[in-house]
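Consider the two complexes below, in which subunit A is the common component and subunit B and subunit C are the respective partners.
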Partner chain A sequence: MLKSDKDTSAKSLRRGGGLEHWAERHLRYLMLAPTVLILLALTIFPSIYMFYAAVHRISPNPDLPWEFVGVGNFARLLSDPQFHVALRNTVVFTLVAVALEFLLGLGLALLLDRFIRRLSFLKTVLMIPMMLPPIAVAITWKLIYEPQFGVLNEIMFLLGLPVQAWAGDVNLAMFSIIVADVWQWTPFVFLLMLAGLASLPVEPYEAAALDGASSWRQFWDLTLPFLKPVIAIALLLRVMDALRLFDLVFILTGGGPADRTKVLSLYIYQVAYRFADPGYAAAISLFVLFVTIVLSTWFMKRMRLAE
Partner chain B sequence: MVRKFCLALAAAASALAISASAWADITILVPSGSEGDGLRAAAADYAKMKNTKVETVQAPYANVFEQGANAGATKSGVFDIILMDDPWIPFFAENGHLEDLTSYFKGAGVEGPDNDFLSKSLAICRNPYNSGPYVCLPYVGNAQMFFYDAAKFKEAGVEAPKTWDDVLKAAKALTEQGGGRYFGYVFRGGQGNPVVADFMPIFWSYGADMFNADRTKVTIDTPEGAAAMKAFMALRDVSPKGVESYNANEVGTALAAGTAASSINWPNWVATFEDPSQSKMVGKISYSPIPAGTKPGSSEIGHWTMGIMAASKNKQEAFDFMMWATTAEQIKISAERGNPPVRTSVFTDQELTKQEQFRHYPVLMEAIQASTPRPRHPKWPEIENAFGIELSKAVAGTISPEEALKNSQAAVEQITGLK
Partner chain C sequence: MATIRTRSRTREMLLRLSAYLAILVALILTLFPVYWIAANSFKFDIDIFAVPPEWVPRNPTLKHYDEAFIQRPFLQYALNSFLVAIGTTVISVTFGTMAGYALARFSYPWQWRKQISFWILSTRMMPPIVSIIPLYLFFNYFDMLNTKSALIIAYTAFNLPFATWMMKSYFQDLPVELEEAAVVDGDTRWGAFLHVALPLARPGLAATAIFCLIISWNEFLLSLVITLTEQSQTLPIGIAGRVTQYNTYWGEISAAGFMACVPIVIFAFIVQKHLVRGLSLGAVKG
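Up next, the complex of A and B:
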């Protein structure tokens, strides 16, 4: 058989294979299709829909048309006192909770880094809060904080200290939510820091020890710089999560007392579902998304600079 | 086009989320708790009797509103019947989510519900209130009552409290004697619905109201409103610390555990107070109508009502079920299951009233007939939220009662567009 005949025959075989060969050629796309479809349905489409909704006034009456309002919903943010309160509370919560979680997580990791082999069970115990469903954590803390029958006030009473309203007191409500969040999420920071500490090179420490550097000096000049990428990741993830805080506030305080714990997620939920104003809720959600993207970008840039 | 696609997708998602109900002949959305449990049991009885499939979808209180509103806005038809709290009726009716029942009554050969239903129970099922067509049928006869420990009140020198001044006198003495572990009064001070629900009866009993008679003006910041607020603040001062975060459970627990002497509460708590496994106060709590202020006292009505969703595909079947479930016979069975009735014949049924657990029926019937509905407005959830924030601030002491009234007035004016 001549070479040209062979080529022709192979081509015709490939073409003649029909559906089977077509499927073979496009297998990678077929395999990807379900994921792409799920992504389109669950991420891309809702995101586009949210942009579309955010520029409309949407009546709960399905027979009334959506009214295009352009940036109207975004302009409302400027003059909405409840939004301002929610934004302020979210910022306070994020700053304080994340800072405490970071300091405690790092402190615990440094403390246990040396003893972890001997006390490995402690790592498991410390992980427990993080593994609990947020709703269970919220209900547990609600019981702890309960003013009349809660265990915290029972202890206060036994110690002869004044009992407190905790989640019901205007001055303590946000603090109470922060404590519950710190209890649940410090283990996450601790785990990341512990992993970071385990991956530190040994040589620089040996050299520093030979030079007579104190433990504090070693921590400041070696450990912290080496840990910077891990710290940045931990902070970034916790900040993003803190901006979405919902469960604890919903269960513990419902945003009260006196609006002291109303955070953006709760306000978005109220606007969308209680006040039946999904257009405005979409605008607030986009604002939160925008803030999260700006913060993440800034963090990532800082991280690259640090590296 | 995009909108239609979006709506279709949302409807499909809702339908998928509760796919189990898609094959039912009737699907009913009910709240968690005794009200929903009662209707679920009735639905099961009906399904057996008619050899049909009646599906109930149960959700927490706030989620019933959300799911109903979502089903209405998407015209998904996933629910045929919704068991609604009565202040939601204007929202559902005026946004086209509820079916007008007039033609169904005519089809059944009647003009409307029979006269055995309490008039106040029927009034809330018409939209506009007490004058428009029926959009639902009453099922659970909730109206607040005044709950108090008669022995403790007697100790404090008040035989049977008739006015808020009586309550305050007894509560003050009991709280002073309580040493921080026992209180004369307790209320729902939690921001939003809880604090509004416990303030409204006091508001009304001092002659105040949220709107004027023809609903053209907001009337919160008035001398009557100020008098009500003054009484409310005095009650706060004799209540437990942290009451600003209390909801029904905390109030109920305080009464059942015998750490508080009185409160405004809903009748479905009676069963808890009379249950020895849940209460230290069995047989010790007395029930009375809401005390008077400068005007006769008035309860907030909080009926659970059944309406047919406008997008339902099984409207006639849904109507037939609602008519059956609200017959005197079924309302009596519902009462035995723990739900307050809505019919005179059941309230006065001697088989029930001779039982200890139903001894509050005469008071409850009186309370329903003397009740006031929450202001009928399609934006009530938003109004309640705004009013609830200001009341919460006043209870917590972050603003003065005068400021709370002024701010509430401005907030409700803005929401409703009334000046």
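Up next, the complex of A and C:
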């Protein structure tokens, strides 16, 4: 808080001006108001609506009234095999993709930070994937994975490795999605880590070098602890995004083959639009929202991220 | 002594060499897909399907650019994307900056600051798919489906929390004394914000704006549901529309996809300093 808060009001009081004075005195609320009002309108309304929809059976025919079903839609979750598949796929995707992105992003940042500090344009080049429209990324990888004329199979062939159907193969589809996601989002982790490394203090390292600590020890005992807040932010943002994966799956596999890449967002989309069952879709959405908020709140508290 | 030093120098050399090698591999893996989409955009269809693949287009053509931007309305899609991205960014950054400043500088009764900060962030956690149905009905009710304003409103819901948090951490990093001095010199609180704090936060503003632009330029799911007409659809939807059940128009998609990347990448190179600095100050400190 500004120490001179009160002085200000007194000054403008002296200067007079009714409305101006009022605005200045309530500045703290006026500056916050647009954001709070917009977010209230755009999030509270959908949330209330979702709760309302989730306890009803909604007919695709808009003239028919909604039928109250209580917790019926939520009970359906328990025995819906498609939902279980989507949940498992989402968890697998999130764990594997985020872990790979984290390891590769951190490794790459450490390499660049230690060996080529000056070539900053290289950093920007390495960040290109995260700036591309995910839809363009999805289509690029679709082209690369294409079984007949795709370039990946050509490379496999040149290397004497077996040719695969990639995104179309039951066992490789999820792997293909993960590779494309890792390609697009490792740069984001890389960028955050690079920023974190740039703000490391120098003195502890000098002391450690004097003590003869190996670079491995320095990494474990100094770098990692210093980077902890950045790592926490990177993981939080990537997990939140991985849980809502949609574009890649929508274009690359459409959830197939045999539902192997059907993730929660895609399932909600299908339930709402293809199966025309918005009430049930609302129930699944609420489940996803609930899990995301519980997970991130727990994580933020643990990492002491929110002040 | 001498042998030890030689050994460690050799070791250092080897280490350096393998590091360069690893970075080179990362560069190739990063750039190849981008190169591939660019290369395909200049090939005739028959050459896109060539086995073995044509690593470099042998008969380069602008056919697909003609298809995408002259015969099909990709220019309109790009314009829509552009207008929506600019609109969203202006609204989000303006209000987000004000709110971020308020949360960084003012005190509120009953611990409001902490509660409101957290609530604002939590709205960002809502997966888009969750709010789509209500937003769809909302826009339907107000007869706003298939409008760019609807997209701007929807995207603002996702960008405003982000902008608020970025700007809040920027203002927290600025020393408060300068604003105090301005107030002592007779400026109002609002004036101190406008004339002192805002100019100092320019790198933060730039970084926040870049991220809002990228996010809105690339958004797919909301646009997919809210817009159905050529006059309102954005570039990602236009591109996805060329993957149909019966045919995928690779050449056209490559041309449009490549053109969708170009402005963002050019932009990123121009503002690369702000990009790294922006994140190192903003997001990292939470």
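Definition applied: the second predicted complex is superposed on the first by the 261 of 307 C-alpha atoms of A that agree within 3 Å, B and C clash if a C-alpha of one lies under 4 Å from a C-alpha of the other, contacts with A are read in each partner's own complex, and residues count from 1 in each chain.
What we mean here is this: a residue touches a chain if its C-beta (ideal position, glycine included) is under 8 Å from a C-beta of that chain, and two chains touch if they have at least 3 such contacts.
Predicted model, so just to flag it, every value in this text is computed and none were measured.
Touch test for A:Gln164: subunit B only (first), subunit C only (second), both, or neither?
In the superposition, A:Gln164 contacts subunit B only.
Who does A:Trp183 touch here: subunit B (first), subunit C (second), both, or neither?
In the superposition, A:Trp183 contacts subunit C only.
Just checking: does A:Asp221 make contact with subunit B only, subunit C only, both, or neither of them? Give me first, second, both or neither.
It touches nothing on subunit B or subunit C.
May I ask you to decide whether A:Thr253 touches subunit B, subunit C, both, or neither, giving the answer as first, second, both or neither?
first
May I ask you to decide whether A:Gln148 touches subunit B, subunit C, both, or neither, giving the answer as first, second, both or neither?
In the superposed model, A:Gln148 contacts both subunit B and subunit C.
Output check: A:Glu206 vs subunit B and subunit C. Expected answer is one of first, second, both, neither. What do you get?
After superposition on chain A, A:Glu206 lies in contact with neither partner.
According to the stated criteria, A:Gly196 is in contact with first (subunit B), second (subunit C), both, or neither; which is it?
second
Of the two partners subunit B and subunit C, indicate the one touching more residues belonging to subunit A.
Per-residue touch count on subunit A favours C.
Looking at A:Glu67, would you say it contacts subunit B, subunit C, both, or neither? Reply first, second, both or neither.
So A:Glu67 meets neither subunit B nor subunit C here.
Just which bits of subunit A does subunit B share with subunit C as contact spots?
45, 49, 148-149
Spell out the part of subunit B that touches subunit A in their complex, as residue ranges.
2-3, 6-7, 9, 62, 65-66, 69, 72-75, 91, 94-97, 180, 189-192, 240-246, 250, 253-254, 257, 259, 379, 381-382, 385, 389, 392-393, 395-399
So in the complex, which bits of subunit A are touching subunit B?
So the residues of subunit A in touch with subunit B come to 45, 49, 52, 59-63, 66, 82, 146-149, 163-170, 173, 253-260, 270, 273-276.
Which part of subunit A faces subunit C closely enough to touch in the complex?
Answer in residue numbers: 1-5, 7-8, 11-12, 23-24, 27-28, 31-32, 34-36, 38-39, 42-43, 45-47, 49-50, 53, 107-108, 111-112, 114-116, 120-129, 131-137, 139-144, 148-149, 151, 154, 183, 187, 191-192, 194-196, 198-199, 229-230, 233, 237, 240, 243-244, 246-247, 250-251, 264-265, 268-269, 272, 278, 281-282, 285-286, 288-289, 292-293, 296-297, 305-307.
Which subunit C residues qualify as touching subunit A in the complex?
Of all residues in subunit C, those touching subunit A are 16, 19-20, 22-23, 26-27, 29-31, 33-34, 36-37, 40, 48-53, 95-96, 98-99, 101-103, 105-108, 114, 116-135, 137-138, 153-154, 156-157, 160-161, 164, 176, 179-180, 183-184, 186, 188-190, 193, 214, 217-218, 220-221, 235-236, 239-240, 243, 248, 250, 253-254, 257-258, 260-261, 264-265, 268-269, 272-273, 275-277, 279-280, 283-286.
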